[in-house]
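Before I ask anything, here is the structure I am working with.
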Amino acid sequence: MGMVGGGIGSFMGGVHRKASTMDGMVELVCGAFSSNLEKSRETGKSLYLPQHRCYENFREMIEKESRLPEGERMDFVSIVTPNHLHFEPAKMALEHGFHVVCDKPMTLTVAEGKTLEKLVENNKLLFALTHNYTGNSMVKQARAMVKNGDLGEIRKVQVHYLQGWMTNELDEQATTKPWRADPSKSGVGGSLGDIGTHAENLVSYITGLKITEIAADLARIGPQRLLDNDGNILFRMENGAKGAMSMSQIATGEENDLSIRIYGSKGSVQWRQEDSTRLFVKWADRPEQIFTPDGNGIYDQVRAVSRIPNGHPEGYLEAFANIYRNFAVHLMATMEGKTLADPDYPTVNDGVRGVRFIHAAVESDSKNSAWVSL
Amino acid sequence: MGMVGGGIGSFMGGVHRKASTMDGMVELVCGAFSSNLEKSRETGKSLYLPQHRCYENFREMIEKESRLPEGERMDFVSIVTPNHLHFEPAKMALEHGFHVVCDKPMTLTVAEGKTLEKLVENNKLLFALTHNYTGNSMVKQARAMVKNGDLGEIRKVQVHYLQGWMTNELDEQATTKPWRADPSKSGVGGSLGDIGTHAENLVSYITGLKITEIAADLARIGPQRLLDNDGNILFRMENGAKGAMSMSQIATGEENDLSIRIYGSKGSVQWRQEDSTRLFVKWADRPEQIFTPDGNGIYDQVRAVSRIPNGHPEGYLEAFANIYRNFAVHLMATMEGKTLADPDYPTVNDGVRGVRFIHAAVESDSKNSAWVSL
Amino acid sequence: MGMVGGGIGSFMGGVHRKASTMDGMVELVCGAFSSNLEKSRETGKSLYLPQHRCYENFREMIEKESRLPEGERMDFVSIVTPNHLHFEPAKMALEHGFHVVCDKPMTLTVAEGKTLEKLVENNKLLFALTHNYTGNSMVKQARAMVKNGDLGEIRKVQVHYLQGWMTNELDEQATTKPWRADPSKSGVGGSLGDIGTHAENLVSYITGLKITEIAADLARIGPQRLLDNDGNILFRMENGAKGAMSMSQIATGEENDLSIRIYGSKGSVQWRQEDSTRLFVKWADRPEQIFTPDGNGIYDQVRAVSRIPNGHPEGYLEAFANIYRNFAVHLMATMEGKTLADPDYPTVNDGVRGVRFIHAAVESDSKNSAWVSL
Amino acid sequence: MGMVGGGIGSFMGGVHRKASTMDGMVELVCGAFSSNLEKSRETGKSLYLPQHRCYENFREMIEKESRLPEGERMDFVSIVTPNHLHFEPAKMALEHGFHVVCDKPMTLTVAEGKTLEKLVENNKLLFALTHNYTGNSMVKQARAMVKNGDLGEIRKVQVHYLQGWMTNELDEQATTKPWRADPSKSGVGGSLGDIGTHAENLVSYITGLKITEIAADLARIGPQRLLDNDGNILFRMENGAKGAMSMSQIATGEENDLSIRIYGSKGSVQWRQEDSTRLFVKWADRPEQIFTPDGNGIYDQVRAVSRIPNGHPEGYLEAFANIYRNFAVHLMATMEGKTLADPDYPTVNDGVRGVRFIHAAVESDSKNSAWVSL
């Protein structure tokens, strides 16, 4: 693995490194960690990398690595930069035959997303998008229950992703704006891109259904606020089910409350990221049940996801690591010429859908919440 | 108190009787419990009422009672019939000088609601609408915290009211439709009237803010379904805050999940009816707190609502009884010529607003979720 | 019903009155509410009782009432006085042919308890002890599951009853000691009598098993403290199962945390009074389940206990009322010469066992926690 | 790091490896993973270790490694074998100047424990005992609050550690006994050593107080059961506080429920391992609070423990990794000749106390729960 971004001090860089190496299947061999060469090298040094594989920028890295002999050069690139710096390195990596792991949202525009989609398809490469919450074993259990028909026909979805960290940030430090609040770096969506796409992806991942149209009412709370940091969205799904999404970065006191409820004709599931090791399942005709990782009644393929026995909580890093593990398993299988039935990680197609979702929401909001198709 | 409706076998009749008499301030003295005189008398007998005060219908009751000497005749009428039978008895009672307690939604049409509103005003009578959830002490604590400015400026509201009892009911017994699914008895709203108005009222009760416009996407799930039994609603409030509401009678496995979250600039509150004795308060700058009835940190006027010491749960009946108790306190004060600062129960004005809400939601839904003013 | 104790200002008096009359099966007709005749009459007046049936003391009440004609006189006496004032009125009532409802702990000494037990048996009267927590429907569901063998053989019990109200009380107001801290009124046990007996009774009620021996380590925390206000107790049950009990009135911040866990060979149940409407059931081979009053999977006889549909919480008063309702049903059946299969309320035998438990714990504690048989 | 034990298929071996390497501070360089050389080599191969550093047994490893030049040889040994195989490798490692990380319980006998204690002291080496639950940040917050006096004087402790995995195991497969049920491998304690010592250590870690005497009632449930798999223990602490402990491996349906409640004169804390990211704090005079890792109100030194921002749960592995991280930080400081104020990990002294606790409990149980000093 070669890394783009993730210099010292970067939160996401450290997360990607811990997650990717947790299972001993991925090794970090090079990086363009920062636009500042010195900082890039310093980061590499702290990670025990040789200096010559700490590059000045992603262009240098991809070019030089692609000239190294197979087995020595990196196999894939992991892109952990701010949103506006995803497309170029991803495109170049794919063009040079490298597989890609990329943070979300994938690109700033739908056109960019489609370019990557086509490259992946044409060059027969793998592309993983780190919608990390799909790596949670209880999310996978929910998905397996839907797939297996346990819940019956899906009729209703409720999802919210609520954070409160911008409550005071913008009021008090309007000058030191985080990049997520800057349209030139974040894209047309603020909370939409940062957390809304996670919610959208989670809905589709669990239900196996696409959202077909949305009606959005966004808010920009705080002085000099250019991008949405709050919003409510109605949505309709391909099978006729309806849903509502709420997202916020100004939900005072919330830490990272991604929660989803999915109602079928026979049963329903409820999952909260902050209490990620319990899946609550309510039935039309039986008492409510609580499923736990590696616990009683878990589907075999979900049980296999757990690294430790039931009752020993796994958290955010382990879920994140599952994206990398599944990607690595797929990569190794592909290298050996094998085909996997269900690689089980978000792909470039999810990435395109996520960018479409952002743009549709912004459009709907600008039209006073008119319905917009995805 | 004289009762209209609530014959043997009626759920709400029993609830109103238990709630109204819990504090020894209200006595049931007469009733028109059923359109069937025999059943009305049988009901009265089981309640130890003399036969001559068990009437054939509300007209007879109001007429005959109004001819009894003061002190002997009933002081107010409690109306616990299906929705379409609220208006006529309420109107007649008010016209004859009786105060009224009425179940929600108040009337089928806004015009009817305004008629009652005018009668209450002109005849200087009291009118309580039994939005019983506002009787919960933790709801009152939330309201007091907003009023006192503890939460800062209100920015965001999320509310849902989810039940699952219609999941199978309509599929399997499409012939024996409950009255709540029958437009001639329930009005233009199904879940809107039954539970949506509770949610709408709760939002205004706690925040002290009115909803000014809504955009609704309703669903009618199941065969031969004429009224909404599910829906999602965006709303905007008079201070600019935005919100989302979800309601359902087909949320499989849900019992009576009325839940609300209110986010202010300084803090937020979360309350769930099914866990009604805990109010979760999250702060921008302090750890989350849990408030409990009669517990530490409760406002004095909220503490006074509790009938038993902290840690001894009060439930649905006690909350319902608080509506009657506050109404009775107000009634006695009024009879003695006194004025109360904050009678603290939902009134005929709330009733009009609730009916408006139902009609606006139906209109918005028919216009593909266009915004409609209340 | 005639009441002994419960004058204005008494917490338990109000609870007993609300609970006994909730279902319209019991009517309060007379009382000796206070040792002060004026206060007794004032209490009676506030309850709409005629002055001549507000007595100066229980002796006068029992004597005069027993001379009234049947149908007019009270049927049973409800005793809600402090512990040291239970025995005399209970004894006199039973001797005069009145049935009795009595607060717990039943008496100060085992000898007194046995006297009452013999009177009940010889005079063929009914005697209910208000261990009110057994009135909760989820406690009844737990009991039904044990009885039906759902949990297999009972192997382990954990129970605690933790309150914090004495944390500061005694430190700061050592002079105005509550009667529960006064050995002459409370008996040899402090927290043992007030809350420990509830825990002991709950264990036996749910498991159907008696505690056979205990080893106690009690604490008296705070200055000038004469009675235990904290303690831990090991116990062994008649089938060989072992358990541990913890009780406290100085568990800072606790309100009324009575919690029990019962482990069988097939499954286990967990119930918390402060979250009384949920019963958590864990299985050896299936996912955990949550049972709720009137919810899916509830035994029929337990469902019958609920006054309102599932999802509408019932609380402390409703559970308390279930003791009175079951007693009243039994009383009416007895008056009609019928026999009930399972009257389902704590009796004079439970009362004797409770007093034995208190004395055994005090003895064990005085012998440095040696095991003492019950 | 060199590892003793932890061959392919071993649960604890994998945990120690993931935990030790999570922060990039520790590298596995050699191991004696199995008593079977082939298996040891196979394990090493899967971990990318050179074959010559996969040893046949710990003797060979310690001898050969100690002959390697500094900088090349391992710095410390991590011992992850069954209980009876801790003492010999630990002793030999310490004698050869290697620091040690060892699983708990440290040794089978108190004498062995004291031998190690003396070696550590005399040879000025570091010794970490992996009581991993003390690595949780909410446990550290609880400890900091006690230390800072937030809770006042500690008065009462309740702790339990309940698992259910032996419920069926022994009944059905009495022949394939796990080593934890075999006295020759597990020592005199069964559940005492496996989970009881965790509970004992947690009590002391948080309160800063030692347990001075205990009274135990143990159970051996299931056919042919030689060691305790359930038990209840009364205990007294050096400051006079009293407590109760319950532990079980036959608590049907429990996964890994380690829970502790600590009551002080001003406030109390409650923590559950299965919900490890929330610390509930109840106060004598304020509403209950919930603390979260990296959340509002956390002590600085506790905040530093979190690898990711608040709301992103960390789990069992991360807590385990904190033991290794703090040990590694201490080790590096020591190597550089520095002294750390509070290294903050369990040591050889905790190990001796744990073994004493096991033996005292067995002795008390054999004397019908008489008090035994530690």
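As written, the chains take the letters A, B, C and D, and residue 1 is the first residue of each chain.
Keep in mind that, in the parts below, contacts are C-beta pairs under 8 Å (C-beta built on N, C-alpha and C of every residue); 3 or more make two chains touch, one makes a residue touch a chain.
Small disclaimer: the values here were computed from a predicted structure and weren't measured.
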Selected interface, B-D versus B-C, where C-beta contact pairs are more numerous: B-C
Most distant chain from chain D, judged by the mean position of its C-alpha atoms: B
Distance between chain centroids, defined by C-alpha means - chain B, chain D (Å): 55
Whole-Å gap separating chain B and chain C, where each centre is the average of the chain's CA atoms: 35
Touching two or more other chains - residue numbers and ranges from chain C: 254, 281, 283, 285, 288, 292, 295
Chain A contact footprint on chain D (complex, rising order): 11, 14-15, 18, 21-22, 24, 47-48, 163, 254-257, 273-277, 292, 295, 307-318
Chain C residues touching chain D - in the complex, by the definition given at the top: 151-152, 155-156, 158, 160, 164, 167-168, 215, 217, 219, 221, 230-232, 234, 236, 242-244, 246, 248, 250-254, 261, 263-268, 281-285, 288, 368-371
Touch list for chain A against partner chain C, complex: 281, 283, 285-292, 295-297
